[in-house]
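Chain lettering (A, B, C, D and E) follows the sequence in which the chains are written, and residue indices restart at 1 in each chain.
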């Protein structure tokens, strides 16, 4: 072993940390690194600055000069006196129509508003796991409350509906623990029994003179309609989606095949064709005197549509679970429904929430398509009665479309930020 | 069961209308449906149910209207729908008469300098789709051996926007619709409707085939409105006239004589109620689309036969 | 693999083997598709026996264990567990599963439930034990595996060894008469292996019938009363541990032992 | 299986339908099948009674009848005398056309935005983030309408080109951008070798195909050379030559000339017209979907771990090579599957063409034809069948691709 | 961590250190933002030296290694590798990178390329070696690391130890004169660690200049000719291995060694 140089070295003192050299800090460095690191980057920076300038310089004066208080476009133009500015007065004047459609009784606007506020409360414990679980009680009651608030009419209807569900839950609680199939079928029978008896008990003209005036569903419109379709269809599609996903995972070829066909079929056609089915075809498939109204038909089709997408998301969640979880459940003697309900689904659903939220955002945006089949949602209101059917506001495209875009942006961006937050949180969660 | 029984049981008439065409059917700022077609629906409701507000208006597009009617979602379709052979025969509907004799026309900006549709060779044409417009247009240009570029647009609002921005040279739909649209323009005077009417567009309410009883009610309600104008019965004097007049036809119409109402399965005063709602045909016309309204349509073909028009209600006897 | 010294005195006196038959496998065959995994397995396990199954990877050890619990179907032959024949009848399967507990290599705890909930879940839903009683029982077994203080944590917060012990406790809560272990320590670090083996030894001392796939030869030597060597889906050799290790008969066994101990 | 050789010892009992794993799944499937069959039967019988009551029938005979309407955008011969079937074909081709164009541009937008979003330039990456968020979070229907409205409002009408005080003018006297569409010069041949224009074009296409093979040969030669010597010869000049020399010669021989668009009557005449509705729909679909693709591209590139880039850099590979040889091949595996589903979304979203008056299949078969014939059920069924075929074919191709690029693991 | 016994005879006679300077670092400082990671580093490495860098986590070992390869920029001071100064000049960086091979903790093989392609990629595209020659060379080094038969598999199909050996072979294919290792064995199982260390020892025996961040003290003792101890971004102590382990001078070093060996 021949090491020529003696290598022994011991540091005599420890060197304290010193600040980095001046050209490594401060605004200048930030600018140099982030905006002007080389000539391509500098060029891009300048181009984008110019672009931003152009956009802002046209957009800002338009907004700032905006007129908010006139009652028609001509009046607005007079006020503007040739200046470049927006006629936001269409928004103030048609505010209620944009939000609630033109048919909802104007003295009842508080009802959907209240339902909306309640929705925020009801949905909170679902979205944020940290909130007290007791709030879920309100979530359970919410659909019935909201139904009554929005449609009004006799309070018996939501009560009967609620009782039916409660009976189902009770029967399932009593028998489902021992025998899932028995509990499940029993629950359905109980629910229908209560509903049928309840419907018979409600007198014919109960909607007349009810505490809350009855509003038929074709009178719903505006942004409220988008919200309602979005919320209703997404919530209805989750159980259906779960069933489809389980069916697709099942090892019974027939059931699997039917689920696959359904899912692939729905995902293969545009939503608008399904809406055509709802508007021009579906009534042929109901019994001659059923007369299911368009809102319900649209809800059916949209639910089926989003169920297929939800099913695919949940299938991903199911596949992400290790096989060991299924085996452990089996080896403990849990049967299939128990294993699903207690072990598999709670985990799979949690993984799937961000995906489901994405489907929800997509579906919410797609609710605007109902304007094509003559429902007056926000887009339908603008395209139909406001732009096309009124002499006062013919030609205020930018303000109206800008408003619609903004409204959707705020909601969808909010939801997608939530889903990103959730994804981060699920990634760090240790249980 | 017959449609009449359904309507009575429901205590509400379901009436299919346009999604928004000023003057014919459009919701106003308060959300109340207004217009010429709407008035017909209200008259029917008044005749059948005794209350003109017992109507549910169901807006339909060109695509959905026939299904809505065929599947029973609506009882009567009072939307600018042209009476054609195939609709009547092949699609199994029954047109109950004509409430407006229309024809497809063209609107052009005045400064385009066009005075006849035959000068439109090579023009870009905005069409509001959803009725027979595309077919008439194709036929007209083919017959005159000139070419055009169609731009089919779903809603009136988009078609207007295209037309006003100059993306189309001309806008075509039923002349009544053109007038209604022009009425909403900033400067209606800058646009003209060309004299050519390229098609016959008898518009009228229709019902399902095979329910003759209901068809009769709709048909004769419409006829009652027309006859009332001919007979000089107006919303102002109908109450007074219904106590009995010297004119037996008026008496039969208003139910003071004969049992016409009973034959229809209604009561005697059905026509009186229908007329009370918003007056006779002439009054309805004047109020919604007449020359004094923004739509500004002259009676033209839609005048009574006695005035040189085509309106001719069969006798009430 | 490592021959871990088991430090404490092991009390073999309690590990009595009775005459009663706990598991009887005769002429059992199993195929995966056309691949013959288990070939003519014949095995009788008496109550109280502690059997270690060894063999090279892919020899079918796990498959054998899993057949006993109906996690896999066998296609030929007979398996009788505790007097109940394993057929495709769900009733029998349920019965057998509630008699037989199973521990996996990767624990397979339910990560969304606390330790206590993991342990009470099956008693409550399968055995219909009242919740309170189930919890008491769970605490009892958690104490036995020495982690009662973790009861309200989630599995993700525990170390591997602790998780495996919870898994054992979870099986025990179903009061099984037979326990199956499939390489319960092979995913663990050396310190943790000891904790888990200790727990298993304690179980053995209490007279539990155990079938254990493991490569812990120390455990096999000191606790097992029979070692079964499998290769290519067959039982090649079985013997008492001392004999098995010191005096292997078949060539396959010798080769295997030389590999596994020579390292 | 061997269960057959080893029959159940106990006799069949009814309870075994539910308790025996062998029969249980059969039982459930039978129940499910019966339920589905019942509901299909129920719906079907409703349909039949309803149709009968309305006196209608299901028949596709109307397909042969003349359609009677005109279509402005068509890839195959069509006039108002053609049949409804042909109108549907025109629509189907239009759907495929706009979907194809939008897929290409959406990919370009998406890749550019996705890559720029990862740029070190703060402003650019933030701008791209804004683009992505704004477009993703507003319904595509609103975007289509807004973009169509902007196009008609901002671009000059042909009228504006007319007269002495024209407010708009053509670009280089060759291109006209109007709110009815964009007009570009159309090439034609003055002394073609064939009498028909098609023949001459076929000749050009044949030339291009020849160039393509030539270019491939050059690349192969370069690759072989690199394998042999290590140095890759410069191929730019030969490549340019092989692409352009034959083309230029051919053009010269055939006498290439351009037909320029010119304002005649109401419209520009001559040249090639790309219609306004097509442009609006194309652009709206591409920029909307581009936002989604940008996110995929970003995710795909980020999915390639930093270690890969570092390892490649440590081996001395230049950044562009690192991108081409290491990052992209890996990122593409992540990017392509969702990319395909975005392509499908474009195809499906193109059904919103009706709001801009573009004659896709939803507008012809599901729109005017349905209107004119009133054959709702037939038209909607055919419409769904068309989209279904497109998406099934695409996913089939997709599955093959996925199987072929799956990373090999043990 | 574990002191792994290296069983074979190590032939230190071939591990000659020459007088030629391979790497010269003087007054080098580096900041991450305002965090001072490397403080006044001075280090001269002669050709043929085998240097092990040790130190607590976060002390800047990896950063130092990565600076030598321009994977990180330094902000002050001078780094001269093989006579070329490391500046922001791309030419120099390219030159240095082709002289210096690097192995990472997580191997970073390219998963979409076969083992052979992994090894030939850089020679072909950077060194412009004809493909055939590159493949021959790759096979030569794959034989050296004892996995020529895996050449046509994909990295995902290999065990961790095999993958790390491929990574070494991949670096060697560029014929570097200096090799940097950043914890090459810390992601591996014990058996695999041995395979990789063996390969590294062989490299050392052939006279390769090596800088190695590792906690394998057995390796350090028997192969390194210098151990450098870093803490808080500084070189706190350096010495010959025997001296370093038996007689650490500074307090930090003693503390660190007691922790790491006391285990």
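Here, contacts are C-beta pairs under 8 Å (C-beta built on N, C-alpha and C of every residue); 3 or more make two chains touch, one makes a residue touch a chain.
Here the structure is a predicted model, which means the values were calculated and not measured.
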Where chain C and chain E overlap in contact partners, by chain label: A, D
Geometric centre: closest chain by C-alpha means: A
Greatest separation from chain C - chain, by CA centre: B
Farthest chain (mean CA position) relative to chain E: B
Whole-Å gap between the CA centroids of chain A and chain D: 28
Cα-centroid distance, chain B relative to chain C, in whole angstrom: 84
Averaged-CA centre spacing for the pair chain E and chain D, given as whole angstrom: 50
Whole-Å gap between the CA centroids of chain B and chain D: 43
Residues of chain B touching at least two other chains: 63, 67, 70-71, 154, 158, 161
Touching two or more other chains - residue numbers and ranges from chain A: 276, 280-281, 283-284, 286, 288, 372, 383, 397
In chain C, residues with contacts to at least two other chains: none
All pairs of touching chains, each written as two labels joined by a dash: A-B, A-C, A-D, A-E, B-D, C-D, D-E
Complex contact set, residues of chain D against chain B: 50, 53-56, 68-72, 80, 145, 148-149, 152-153, 156-160, 179-180, 264-267, 269, 276-277, 354-357, 359, 363, 367-368, 370-372, 374, 376
Residue numbers on chain C that touch chain A, as the complex places them: 69-71, 94, 97-98, 100-102, 104, 106, 108-112, 121-122, 125-126, 128, 154-157, 170-171, 174
Footprint of chain A on chain B - complex, ascending: 1, 6, 19-22, 26-27, 29-31, 56, 58-61, 63-64, 67-68, 70-73, 154-158, 160-161, 164, 183-186, 294
Interfacial residue positions of chain A with respect to chain B in the complex: 73-74, 93-94, 97, 101-104, 106, 216, 218, 276, 279-281, 283-284, 286, 288-289, 291, 293-294, 372-374, 376, 383-385, 387-392, 394-395, 397
Touching residues on chain A, where the partner in the complex is chain D: 33-35, 37, 41, 44-45, 48-49, 51-52, 251-255, 258, 264-265, 267-273, 276-277, 280-281, 283-288, 361, 365-366, 368-369, 371-372, 379, 383, 397, 401, 404-405, 408-409, 412-413, 416
